[in-house]
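Look at the two complexes coming up: subunit A is in both, with subunit B in one and subunit C in the other.
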Partner chain A sequence: MGDTAPFDEMYDADGTVREPYRALAQWIDEQPEKALSLMQADAEGIFRRLGITFAVYGSDEGTEKLIPFDVIPRIISATEWRRLSKGIEQRVRALNAFLYDVYHRQEILKAGRIPEKLIVNNAAFCPDMMGVDPAKGVYSHIIGVDIVRVGPDEFYVLEDNLRTPSGVSYMLEDREAMMQLAPDLFQRIKVAPVETYPENLRRTLESVAPANVAGTPTIVVLTPGIHNSAYFEHSFLADQMGAQLCEGQDLFVDGGKVYMRTTTGPERVDVIYRRIDDDFLDPLTFRPDSMLGVPGLFNAYRAGNVTLVNAPGTGIADDKAVYTYVPQIIEFYLGEKSILSNVPTYNCTDEDQRAYVLEHIGELVVKEVHGSGGYGMLVGPTSTKAQQAEFKKKIEARPDNYIVQPTLALSTCPTYVNSGIAPRHVDLRPYVLVGDKVRITPGGLTRVALTKGSLVVNSSQGGGTKDTWVLED
Partner chain B sequence: MRIAIHHQLSITPPPETGNMVFQLLMTPRSGATQKVERWSVETTGIGNAARYADAFGNTVHFVNQMRPEGPVGITATGVVETSDRNGVLGKPTGEPVPGLYLRATTLTKVPVTLYGKFRGMKDDRIGLLHALMARVGEVLGGEEMQAGQLQSQDGQSQTQTVGEARKADAALLAHGFIGAARALDIPARYVSGYLLGDGEPPGLHGWAEAYDPGLGWIGFDPYLQICPSEQHVRLCVGLDALSTTPVRAVPDGNGVKTIAVSVEAA
Partner chain C sequence: MLGRTAQNLFWLSRYVERAENMARLLEVGYKMSLTSRREGGEAEHLISMMQAAEVDEAFEATGRIADVDTVAHFMVFDEGNPSSVKSCLMAARTNARSVRTAITIDMWQSLNAAWLEFSQIKPRDVRGAKLLGLLQWVRQRSHEFRGALLGTILRNDGYAFSQAGNFVERADNTARILDMKYFVLLPRADLVGGDLDIQQWTLILRAASAHRSYRHVYHDRYKARNIADFLILRPEMPRSLVFCARMLNQTLESLADIYGKRLDCHDVVADLCAMVENTTMDEVFGKGLHEFLTEFVARNNRVTECLSESYNFY
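Right after this comes the complex of A and B.
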């Protein structure tokens, strides 16, 4: 890893087009000059109309930005996808079983497979969740698994986001835009649909309503409000599912049950797809200063009168320190070898490994255990000496606060840039729904690092997105 | 022995409160050291309360009151029959697993000087725990401690009566004991309860329980420097005093006030 040329998803080393990309390559060849540049301009117009923007935290402008979209789709063959989706399903089943266990009998800790203190003393472990039996035994219903590819058959899972993964609206809008921009391409190439996601989301949410709900459950999406960077997505998903979008103040708890204020009086709420972090959900149980949540919401949940999606405390399963144990977790609960690999990870609390990390920091990627969004990380090869020195100090001061991984040669996909079509590094976030069954939308969100050579794909750090096509057989 | 308890509290929500929600941890459970003969919790809205077991196995009443006017009173009354088992409660039959009580919390942070010298004693856990109780009493129970300064340690804002000051001291010592035990890899938990005092004013009290793989949970009262006796009535357990707070409310106005606590031989 790292010392060879990155794997190009469109071209083999000898320059021939790989099978999944053949029809697309031919289509690109047939386009008149400037066609792609016109498409790119049209795309911007489409996204402005759709209103998809995001806020960058900490930016001086504080303005809403348009996430860059690349008009060349990323393509995954049916065979590749079958293996990927099997591996993803295995992971989300095992991680939900792990969540059930750590919040009940903790057999995996008793068996000594994971150090007890790593779990019970973890900030992401939520003691209040002990003994809760969520509907269908599912804790994390909506998951976005971050995957990178480094070779024809080599995929690595970077992170299993089991808290409140965002970005699914980009996946849907990228497809929508692509169908408007190049309808003829969809005539030539059979692409698995993604537009079933909102319907599948609704089905999943309905399937995990509390057992005592008669009739069709009432679902709401709970948002922190318009100032949240993903507010667009919250309102988009509510709209697509035909559910109410609520803020904390629109909901209240009475007699241990949750109600929504409506113009015709209170309406009972059964399932809450919440996009508010655990800490802010309920000032009675969690942070008392939270103005975003609903007082007593957790009590109503604990009493079995409402389902929270995802459950509080799921962060323990995607904690970066727990991540290294996922292969053992899969083996412990499913008795299977993991299909998808983890990125090899150095544990800085181990003296030998820490020494290696400090010595080779210029080649490695350092991540904060509780960080996300590409903030608070160091990418060795593109960092300055000063940044490296700073992270060395940080690691020495708090070795348990960082995980370190080799710099992966992320695969590249052809991307339309100023100079024409050029390879750029990509990752993939497929979206998984877990309820009465596991539903994985074919494809997911492809994020692309638009700067030449850059490996950071986060939209907050200058990344863009691509429509992701899974070919049908 | 049979102990009669009457515990009365009050909260005054701020004016114009639309909906006050409150969680009550005011119901003792029967167990190895006590049998609850009768018990009732009364407050406006209790008939509509949700009742369930929390993460630590405590009985919770979750109550709310729409547009409360003036102070809301809460009363717990009952009789509990206790027996002296030298604090030994035995092995838990259900959940949560003892390992949960290895979790460090803000209130149970302790300096290594409190427990460091017991590291070599891990083979004799019972002996270690008794020695630790004595050590916590010596280090944290000195006369220089002022109850008023310790109130924040209790996790509650309540008017301080003589009994309350005692409870704050007791909580501080229990937290010291719990934090030290956890640092030594021994699961330990906080117990809220009532005490029928000998020369101590009867009332609310707090102590600790530590886990031994052989005997199960064992009580330690670092404030009284004894294992709990038949004068101790267990109310609730949790990670610390904060997680066993009898009444927690949103909004809570000026806080929860204790109106009266009586603990008498019945």
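Right after this comes the complex of A and C.
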């Protein structure tokens, strides 16, 4: 943090190549001129044909776009990964324990470790979940932890994403594309596989089926439909797992059990990997105007006749206001110090902290507590005076609606851009599965801000992706 | 399989088949309009082609005057025309997107590439030779999709629903082409056999991609009776009514095997099949060609309805 140049993952300050990147750097040097630009063009063709697209809300140019893919992979050493995955496992165990607790005896609130009103008055707290016992006690099964790096050994967790994190299909397709584009690189460099993800997802989902299911559980992926921005991913995952891809209209509840409408009549459903937000799951329990959900689903869930993945109400554990308490949460449930750091966060409801924030807004990042996707966010150093003034007003009006953090100097990674290879800021989202055990896929999704100097990596704001390599020992 | 998935697969195949049929019809109409030397002949051929495609009323409703450009635009690019090539490709791709998990990657890529290439085309650039090139391209894309389907899809219920869609659409198309022109196919037309008849016969045969194969089967000049026979009763002709009905019957039988159950739709298709299998052209003409075709189209429509009921389309 501060005014020094950001940490580059490939080159040390003196220009020498860091160890994990050595083989890659050599490979790049050996490539004939234009080879990378040809690769980049090929990559676009590959993705377009595969139909990997996402929708940008509010965009006029039709609903489908490609997320730019950068051909230079991002590399993480085996040692770095061991530490990261330990820290991630610790977090997801603690957060699941926290979820069980806040929806049962609320010991952590009674102990005064987290203010009670922060939880029970929180819009992300789901009173309907009180006393519900999900299979194996797991609430958040599928998690994408957003991590940024600012130095050789400095990693920060930005967000835990315990609801329905997206992007895992890009992790898988990026690898597939990379292997097609540069098979020789994989011969030289031993990269840990990510292709295990769909099988591990299936195993995770099977492991949390209701206890009374005999034989192989029937798993479905529940999607809002083809107009959803992540529809490609929903169909991709269903396909890879051999699960049925359903919309709300394909399912119904009868006698507290969930069925899908098949060509041969109703068929019982045991596990639903739902990619629909809590509010839309069941018009009888949540938003009555939801056309996407399944009437009666929540009651079937509460009766233990179907497993919802992730459970409703997990948002209380990745709420931006609760985020600041994660180190205490880890300590409370596991009795351990947290391995991965939180980003220091200012609490605007505190008068002194708010005063500091308003004074220094040009250096800080302001995020809406319930915002996502880079919407409703201010990045101080790249904002205009008018934008800063606007956010100051917003913070003063609703201090509890914003969290504020220092602008982190996200690490950079060499990226192929118009002017050749240049450093661009990146983040990392590893994917975690929690069922009968915790499974972390080595790698994840690296998002890269393609605009020079930009720190916003979201695909909806002009970010791209890179294949992410975890080296094997 | 979800009832909705079965429905999407059925319509996906129908729309690809329809795009191909529309391209073929427009090509025929366009070429015929070029050869017309009579005043107003150009429009006449185009309108008659649109009648066979059953889009003539929709075209009239646009208020445009029928010439090569307006008709080509209407048949290829007009989203207001539900049977235009564009509408068909869009509908096919939307159906495919909904059932990405039930189709193979090759099927998806073929459709997706077709749509991406098609959406790059600017309508005003497509004239004359370019139009013919585009129409040929549409047919090739349809063949490619079918090839991807036949080469990669599992022979399960999904395959059966795809095939059912394909042959319901094709049977419908052939029956309609015949019915719109039934008057030039009546036996008495052979007695006249003027230039105009020859032109109409050519249109019918070309619209079914049958003008070359006709010669291989009949070794004869164009005769109304043979043409009707070829497109209705010849089992070796892949667009004939009997061929389509038999394929439909086989397809539904395979569904009965897969699900271990016979349903109403099986009887309906068996009846459709019997209608074209146990008959001769004499009987067809005796009953009345138009009446025969009308009944066939109605029974063929009934197949779609019955499939929806039997297999829970929704």
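Going forward, the second predicted complex is superposed on the first by the 472 of 473 C-alpha atoms of A that agree within 3 Å, B and C clash if a C-alpha of one lies under 4 Å from a C-alpha of the other, contacts with A are read in each partner's own complex, and residues count from 1 in each chain.
As a convention for this text, a contact is a pair of C-beta atoms (placed from the backbone, for glycine too) under 8 Å apart; a residue touches a chain by one contact, two chains touch by 3 or more.
Since this is a predicted model, take the numbers as computed values, not measurements.
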item: Side-by-side fit of subunit B and subunit C on subunit A, or clash; value: fit
item: Per-residue touch tally on subunit A - higher for subunit B or for subunit C; value: B
item: Subunit B versus subunit C as contact partner of A:363, first or second or both or neither; value: neither
item: Which of subunit B and subunit C A:130 touches, first, second, both or neither; value: first
item: Partner chain(s) touched by A:12 [first = subunit B, second = subunit C, both, neither]; value: neither
item: Arrangement angle, subunit B at one end, subunit C at the other, subunit A at the vertex (C-alpha, nearest 10°); value: 90
item: First, second, both or neither for A:244, with subunit B first and subunit C second; value: second
item: Closest Cα approach, subunit C to subunit B, once both complexes are overlaid on chain A (Å); value: 12
item: Touching residues on subunit C, where the partner in the complex is subunit A; value: 1-4, 6, 94, 97-101, 105, 108-109, 112-113, 116, 157, 259, 261, 311-312, 314
item: Interfacial residue positions of subunit A with respect to subunit B in the complex; value: 104-106, 109-110, 116-117, 120-121, 125, 127-132, 252-257, 283-285, 288, 295-296, 299-300, 302-305
item: Complex contact set, residues of subunit B against subunit A; value: 18-19, 21-23, 48-57, 60, 62, 64, 66, 95-97, 99-100, 102-104, 239, 243, 248-250
item: In the complex, subunit A residues that touch subunit C; value: 48-51, 225-226, 231-232, 235-236, 238-239, 243-247, 249-250, 260-265
